[in-house]
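Mind looking over this structure? Questions follow.
Order of writing sets the chain letters: A, B, C and D. Residues in each chain are counted from 1.
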Amino acid sequence: MTDVATESFIDRAMGNVRNAWRDIAVRARLGSDKVRPDLPKADAALLTERIEECLEGRGGEVSARARAADLGRLYLSLSPAGRQRFLKILAQDFGVVRGAVEDAMAAYREAGDDDPAALGRAEDRLREALVSRRARLLTQLTTLPEGFKFLVDLRAELLGLLDSDRALAGLEHDMRRLLASWFDVGFLTLTRITWDSPASLLEKLVAYEAVHEIRSWDDLKNRLGADRRCYAFFHPRMPSEPLIFIQVALVNGLAGNVQTLLDESAPEGDPTAADTAIFYSISNAQKGLRNISMGNFLIKQVVDDLSHELPNLKTFATLSPIPGFRTWLDHRLAEGEPNLLTAAEHERLRAVMPGHGAKGSLKALLDSPGWHRDDKAAAALEKPLTRLCARYLVNEKHKDRPLDPVARFHLSNGARVERINWRADTTAKGLSQSAGLMVNYLYRLRDIEKNVEAFTGENKVASSPAVRSLIGG
Amino acid sequence: MTDVATESFIDRAMGNVRNAWRDIAVRARLGSDKVRPDLPKADAALLTERIEECLEGRGGEVSARARAADLGRLYLSLSPAGRQRFLKILAQDFGVVRGAVEDAMAAYREAGDDDPAALGRAEDRLREALVSRRARLLTQLTTLPEGFKFLVDLRAELLGLLDSDRALAGLEHDMRRLLASWFDVGFLTLTRITWDSPASLLEKLVAYEAVHEIRSWDDLKNRLGADRRCYAFFHPRMPSEPLIFIQVALVNGLAGNVQTLLDESAPEGDPTAADTAIFYSISNAQKGLRNISMGNFLIKQVVDDLSHELPNLKTFATLSPIPGFRTWLDHRLAEGEPNLLTAAEHERLRAVMPGHGAKGSLKALLDSPGWHRDDKAAAALEKPLTRLCARYLVNEKHKDRPLDPVARFHLSNGARVERINWRADTTAKGLSQSAGLMVNYLYRLRDIEKNVEAFTGENKVASSPAVRSLIGG
Amino acid sequence: MTDVATESFIDRAMGNVRNAWRDIAVRARLGSDKVRPDLPKADAALLTERIEECLEGRGGEVSARARAADLGRLYLSLSPAGRQRFLKILAQDFGVVRGAVEDAMAAYREAGDDDPAALGRAEDRLREALVSRRARLLTQLTTLPEGFKFLVDLRAELLGLLDSDRALAGLEHDMRRLLASWFDVGFLTLTRITWDSPASLLEKLVAYEAVHEIRSWDDLKNRLGADRRCYAFFHPRMPSEPLIFIQVALVNGLAGNVQTLLDESAPEGDPTAADTAIFYSISNAQKGLRNISMGNFLIKQVVDDLSHELPNLKTFATLSPIPGFRTWLDHRLAEGEPNLLTAAEHERLRAVMPGHGAKGSLKALLDSPGWHRDDKAAAALEKPLTRLCARYLVNEKHKDRPLDPVARFHLSNGARVERINWRADTTAKGLSQSAGLMVNYLYRLRDIEKNVEAFTGENKVASSPAVRSLIGG
Amino acid sequence: MTDVATESFIDRAMGNVRNAWRDIAVRARLGSDKVRPDLPKADAALLTERIEECLEGRGGEVSARARAADLGRLYLSLSPAGRQRFLKILAQDFGVVRGAVEDAMAAYREAGDDDPAALGRAEDRLREALVSRRARLLTQLTTLPEGFKFLVDLRAELLGLLDSDRALAGLEHDMRRLLASWFDVGFLTLTRITWDSPASLLEKLVAYEAVHEIRSWDDLKNRLGADRRCYAFFHPRMPSEPLIFIQVALVNGLAGNVQTLLDESAPEGDPTAADTAIFYSISNAQKGLRNISMGNFLIKQVVDDLSHELPNLKTFATLSPIPGFRTWLDHRLAEGEPNLLTAAEHERLRAVMPGHGAKGSLKALLDSPGWHRDDKAAAALEKPLTRLCARYLVNEKHKDRPLDPVARFHLSNGARVERINWRADTTAKGLSQSAGLMVNYLYRLRDIEKNVEAFTGENKVASSPAVRSLIGG
């Protein structure tokens, strides 16, 4: 879906970022001569021994941390197969010791309520018993130079292996818990990124951008212009790695088309005159931090920061993709759901796309390349697609949660479904995922808590009157 | 023991540091009109309600954190009595829920070893049940501006109340665990402090210095001269607060007298020509981080840093006080331990200090003001005191650990008792605590692990041949 | 006039600052073995030779600058007598070459107006001929590390020698011209100084403060509190040396007493509520920049900065000493000017201070220690002194300029004499220089240009109606 | 000569840099409503009036500078034609006043040698009279925000107009003198530029690179890799604008081919193992600083910096273009200089390139596209071209200075002609300017002064034995 030049631009950026780690491994000049890159069985025993040494803390905690760092460097020197074996050893041999838990539980049961100190000690013993041995090792690894980045990347690799090797699940679970604690929002700092930021950092935005790919340095520069803002969360021990970043356009009125927003030839607006901040891209930059939520705090802090800097801003909203819409719609069409379209709509579609039977014309039209540039086709599609999209976003759920992942995110943060935008993203990706539609989620500050409550407690999706009227709500 | 001018200098520095927090409280201009400073019973109910709201997370995690921050500000607005009541509520009403633990234990016992995923979930449930409700609240407080400083100071206040109110022990315990995790050495950065550092930071050194009080800005400047080094650990979210700091003198040969080191009128040495780094003061700056060990890592990193900057340095050692020596010696004298002194020593002492009987002359002499300036008295004391001090440091233990707290610290880090220094600290404090003696602990890099092992495993105290020969070892 | 403790505090600060240079000289480890510190005649020839080498530029400009730097280091290694000889050589042997000027003048006269290029070349030749040879050398010295500070200090030394050795005047003149060009306000940056500034910088404020001495670090900290501001101009190549600094108090209404302003025990005001900024001290920090005006630009930029930061500020004024008042008054009394006091005033004074004849009572009273604490004496003095002071400031002139140097400075910047303050500075210095009086000069933005014009063009002193009414104006 | 994609890359970079100024002009929102962009005659009178106001200094120097800044903003708002008129007014109406010079000369002649003070005053008066009135105005403009950049760009515009309008020469001359004083090397700081530098700065390298164009961000990143260095001089008041920058490759042995150096796919070398630093590009970044020499100091400081950082470096040399070689050679061929080639060389060339007569074959071959890829042609050319190039560099002069501008620069800095490299730059530019040849100039530290002396004093070109043997020297 991406053209070749852009692809290679992004690939290069990603490659550049990847290489940094390879270099650290090389520079480390490991004294790991005894361990071969593939970690064959014979060497695995040696590894286990070393891990035991770290955990025993022989020679004191300072020495143990130094040895743990050596283990970290050893890991970086391994081949993919060797790394998987390393992780497997951690997963299988260094978990929680059940016997210790059982003993601690027994002690807990015996501790009476009348002696709080004794009860506290029993709680502690039980807590301790529940800390896996590998969790101790992972904590020691934070003292590696760039130790936090190491651990984040370790989890990223682990997540990639998880599907094919469920035995790693416990280890992954430990890592998630540790990282969630270390990357708690209380540790993070919000930083604005501009065209004056280091090129080495900007390059990472290109590699990590997940919503609307950055096609070139000119595209990037345009996104950092005077009428744009880009913010990221950083962890103090990973100062050159954004964790999550958000891109904002400062405009007048709700923006309804992302190509217009990203048009490099458009004149720059005056940010002090803008009344609306459009969040048009939020990207998690670190795969290894998956499922550790930061986006809600990011939005909150950016809204605070912008309100303070630009008092003219009255509206805070997103311009968001609807990544699951086409898939859902295709399922509905395949299932032959009746009344998806009105008879009049059917007729119009058949007129534009004859020869596909009663049901087929909608899908055939959406699959036909370039339909969005054909005004007659577009006219026939606009009304039914917009309505179906509103229904998809507001009413379609799985286990009481909205089907669409982006909708789930913003609704759980307290936004509401504000407006469906027609022909809003006509890139190949936009067309194939959401038939070119995009949606604005509106963050109305005084409604956020109420919306969160209704969404969390009663599974209610907040939406604007206009959206509700689309679906007869 | 401190002269009046110095005392008032240090008091002012402490006062300045204290006032910063009062100001934050005042500036916060709390909307806490409903809660009176003393937190009378009626208001306590309101507080409990607010805490519950935070823990329920109504309106989402972002809102919950904002509410927790309000609670933090409320705490700062309370009187000492009100604060104690606040803490008591946390301690008594928001602990671990025993029923939930019992249920989770039951589920754990049922989880079989054959289904690791189910076992993992059972572990998790048990872990969760063991997290007290107040621990969740305390975590939310990190998002306060200066939240980490707030929590550190909260624990400091708590520690002050603990003796008189044991019901707070569980809360204190939770705080210690949380702070130990957040102030893990993996998060800390080592920073050199110089005369070019902010005055507002240097003022804190004056307030926090615990070993050899800083008497004036000139004294401080002298300690930051070209032949001195001062390093501190900082936490990234408490950037203007040193956590622990160490003062180093770059000299030639082992330094044996702290007054010489601190003499402001002495000429400045050439650091590149020095062969020895003397650590003459290590101070914990934050009472609220008591028992969270950082000193060992600090020494290790400072040794690394200095070795790199000044390749001429060959010896790393301390010049340390012996705070428990006189107390221990007085006990021995009171108990009438025989053979504490040889007959010849007794005789000499009696010659200097007649009229105190066989046993009394040593104590009488040590209690007589100015004995250290009396060469005859000093000559009579030097040999026996040095020997007794060596014995105290190397052989005297409680539960297999050395009696002296400073000795315990350095020996557990892998140092050895190197040399006892006579008339080494003749301040009032030095005389009253350790009869003017000081000791060098030597950090010999290649022996550190071995020493730690011997100390940890076999309770062996490493010492130099000279020290061993003093005690006939 | 300064008490001993304060004096020694300031002396130490000054000493500290001075020592920095001595150290550079020592560290330079000059290869100047051939030149003895006193620069005896034999060595002077060697010096002349070296200067010639620099000026010839042998080996290229890069080498010439390196050699000039060596000369700079040589200078620092000399004794005071040696330095004076060094300067004398520069002054006498490396001035403008008259013959070259005469030749260039002849060429200029021949160049006709019809060939602008030829005329331009003739102008250039004449300009070149007027650049003294020592000026070339001084320019080369800027490439010394800390070269600008070196040159500034060189001029300071030169100014100290000028009275006793007029032969140095030409050299001093060259230096002033060069420094005026290099320290043009276009190069300077305005920086706010706070309690978070480096201690090494704050120490310089103590050393350089010229109006109200800073008595201690507590006094200094008080002057950097929330309701105070301190700004300095810095030169980019002298980043740790303030050039001139100004101290501002943010208050309500015109401040009339400097002891009140400097009272460390007074509560801190709220700067956002202040309506008036009082400039209570402006000090030139570098003796070597004497007569190079910066104060007018400093005031202008500080007013801009404060207006922007604190929009509540409506009034910008000084609280200034009147350093020449007592001297002038004593002259008037000595001359026996009639009608200095009214008959009624005379009588009142005689009642307070009998036995000094018709004329003597005023002077006798002012010379009697502690008069300002005697309410009766003060009551008798207030009216006549205030009136005479107003007359002194507004009407008394030398060559059409006000007698008082502080008045000259502020009036030439466009301020007006606003209010005379009674018992406003009762330090020994305040009493002896200005009978305890101080004056507010008011900077009213819309009047500044008009006042400057009137002062510059017509020698008119702007003053408030109240001040004019005091002198019957 | 540049391919289209690269050209547009560089054009965009230049455009970006240009736009910054346009924006400042626009943002200034000038109150220049009375002056039309083309500055018609009527408005020109108004302008003259305003300039007079600045020069008179009405309302004081602070106000005068503010008014000068307004004039600067006015200039930025003008059209090209308007700007030219503005400059012409400065050039024609605000020069040196001849009458004042004549008077000052008369006074100078009268001042006797016996009164140095009077003579000094006469010198001063003459100096003052030689300062043009526009020079005063230009100095006032430094207080503009970004005033120095403004003046540098002003001179750049002026230089562009000079050829067609000689009346501007005097103004340009004044600007050069002022800028040479303000951008004296004593003010400049050397800064290393890396991939971590701001993108907005790196973009300027692309725009300003004058030797080997930077084709893309990947090309740029490669030039900032671990085995490369890039340094620039900056002026403290133009912190985001490099003045001159140099690119260095850290290699082993003298590099002889620039395409190899710039190959993005080549593996990165280890800088600590390199023995040679190759300066392969020096570019002046500011047209407005033309003829203000900085390159010699830049090379000197970079050599110092690199020697310190990488003690393994033994050789410092350039890999330089020979921009005038082909032009010179073509002239020789056109003039029919005999013995340019030997008979054997002629024969070989005719064999490769028949049908061009005795003289024509060399030129015909060099003009034939792709000859450098034809091994036979190249073999026939290598020897004669290398010899002729050596002769061109070492022997060919104009007014005793080498013909080649790059040679002049490095030789005047003390380098020597070390080696001629065959097929060293086969870009279109390299082939057309220097027949694909490049030259290494060697900076041997111990010879630099000697070489400068010989070059400056005796017009001797230093060269290696190998180069001398090429030309039979």
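We take it that a contact is a pair of C-beta atoms (placed from the backbone, for glycine too) under 8 Å apart; a residue touches a chain by one contact, two chains touch by 3 or more.
Keep in mind that what you see is a predicted model, and the values were worked out from it rather than measured.
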Worksheet item: In this assembly, which chains make contact with chain A and also with chain D?
Response: none
Discussion item. Report the inter-centroid distance (CA atoms only) between chain A and chain B in whole Å.
Written reply: 42
Response to the item:
dist(centroid_CA(chain A), centroid_CA(chain C)) in Å evaluates to 61
Worksheet item: What whole-number Å value describes the gap between the mean CA coordinates of chain B and chain C?
Response: 49
Worksheet entry | Junction residues of chain B, two or more chains touched | none
Fill in: Topology of the chain contact graph, where touching chains are joined (line, ring, star, complete, other)
ring
Worksheet item: Which positions of chain B touch chain A when the two form their complex?
Response: 58-63, 65, 96, 98, 101-102, 105, 108-109, 113, 116-117, 120, 123-124, 126-127, 130, 139, 142-143, 147-148, 166-167, 169-170, 173, 181, 184-187, 236-237, 293, 296-297, 300, 412-414, 448-450, 452-453, 456
Worksheet item: Touching chain C in the complex: which residues of chain B?
Response: 12, 16, 195-202, 217-218, 221
